[in-house]
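Here the structure is laid out as structure tokens; the discussion comes afterwards.
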Amino acid sequence: MSAATPSTPHSESHGHGYISDKARYLARLKRIEGQARGIHRMVDEDTYCIDILTQISAITSALNNVALGLLDDHLKHCVAGAAQDGGAEVEAKIREASEAIARLVRK
Amino acid sequence: MSAATPSTPHSESHGHGYISDKARYLARLKRIEGQARGIHRMVDEDTYCIDILTQISAITSALNNVALGLLDDHLKHCVAGAAQDGGAEVEAKIREASEAIARLVRK
Amino acid sequence: MSAATPSTPHSESHGHGYISDKARYLARLKRIEGQARGIHRMVDEDTYCIDILTQISAITSALNNVALGLLDDHLKHCVAGAAQDGGAEVEAKIREASEAIARLVRK
Amino acid sequence: MSAATPSTPHSESHGHGYISDKARYLARLKRIEGQARGIHRMVDEDTYCIDILTQISAITSALNNVALGLLDDHLKHCVAGAAQDGGAEVEAKIREASEAIARLVRK
């Protein structure tokens, strides 16, 4: 970010820095946090139930989109990377990806 | 609506105050807001993608549970209330409840 | 169906005959049954996985739509009817409707 | 992989034959087809709506499980295989896998 930051703390080489366009995810998550706060306020102010439900569907959709984006990044970087490296790692990577997908689908 | 209707039949004096145990919903939504903030931090710190996905599934589940609780309250109070009163109101109430359910199911 | 059928075979008074436009549901379910048979054949013939998944999403969507339609009918007839009759019945009806909704949402 | 492997590593000679334990999928899909037929009969016989919804949730769950199993096979065979082979193919494979996952999650 600045010349005073010589190291790259979350680079590819250490950490999991595979998330493409991190700033965009962070902005979306900031918005989701605001939506959650908004739902709290709606309940507190006795907003009409159907309007609260609409907001909950919106935030759930937004979270699903973030999850699907992260999963796509994960398949591209971690899973494909492990497959290229070969070895047993790829099986473990695919197993945990499949479990994460199942949690998203079943909810 | 008219001078002949002095009372508000389906509310606790103001708002739609039909939510049972509001304090409990507010506590759950506070927790959800904290979870959303946590996911933002996880992305910012390059947490392992699968762990972020697990958190997103948890928050989505929690939001679904809040929605299902609110919907149950809504059916009990608004829809059943409108049905007891008779008239065209109940049809409109059921239509909007069905639309809200569809948004939750389809997501 | 014919002049020889003077009675209403699936009326409110016997059976649960509340389903509006039953012929349309039956046609949709016939189509869904055919889709299920089609997926069986695709797996049997080693069709490309992604194409099978597309078909599964289509059938799941179609089933969700049938479920949402039936639920809407149920709210209109059984739940609203029980509310008009008053008594404890309506609470039980709403509880079972809410449980059915939860199963659809959580899946 | 090596000269000692004369056969075709990612297929069963024709089709996409990557589905592990095909007989088990076929049996599950036969059962799902029977469930679909059962729902048709339930509607035809004016079965109580909530019981029909329970069956629809069961079949949707069963379909999701088939889809998640096929997707896992797909990641293991097609996606990991393409990654090992290298080249542009893997990107296309991951894109279509991600799109299929999105359809399952959003429904």
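Lettered A, B, C and D in written order, each chain numbered from 1.
The criterion applied here is as follows: a contact is a pair of C-beta atoms (placed from the backbone, for glycine too) under 8 Å apart; a residue touches a chain by one contact, two chains touch by 3 or more.
Keep in mind it's a predicted model, so treat the numbers as computed, not measured.
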{"item": "Counterpart interface for C-D, drawn from B-D, A-B or A-C and sharing over half of its contact pairs", "value": "A-B"}
{"item": "Which of A-B and B-C has more C-beta pairs touching across its chains", "value": "A-B"}
{"item": "Averaged-CA centre spacing for the pair subunit D and subunit B, given as whole angstrom", "value": "34"}
{"item": "Centre-to-centre distance between subunit C and subunit B (centres being mean Cα positions), rounded to whole Å", "value": "24"}
{"item": "Shared-contact residues (touching 2 or more other chains) in subunit C", "value": "64, 67, 71, 97, 104-107"}
{"item": "Subunit A-touching residues of subunit D, taken from the complex the two chains share", "value": "64, 67-68, 71-72, 75-76, 79-81, 83-84, 86, 90-91, 94-95, 97-98, 101-102, 104-106"}
{"item": "Contacting residues of subunit A [partner subunit C, same complex]", "value": "105-107"}
{"item": "Of subunit A, residues touching subunit B in the complex", "value": "10, 15-19, 22, 25-26, 29-30, 32-33, 36-37, 39-40, 43-50, 52-54, 56-57, 59-61, 63-64, 66-67, 70-71, 73-74, 78, 96-97, 100, 103-104, 107"}
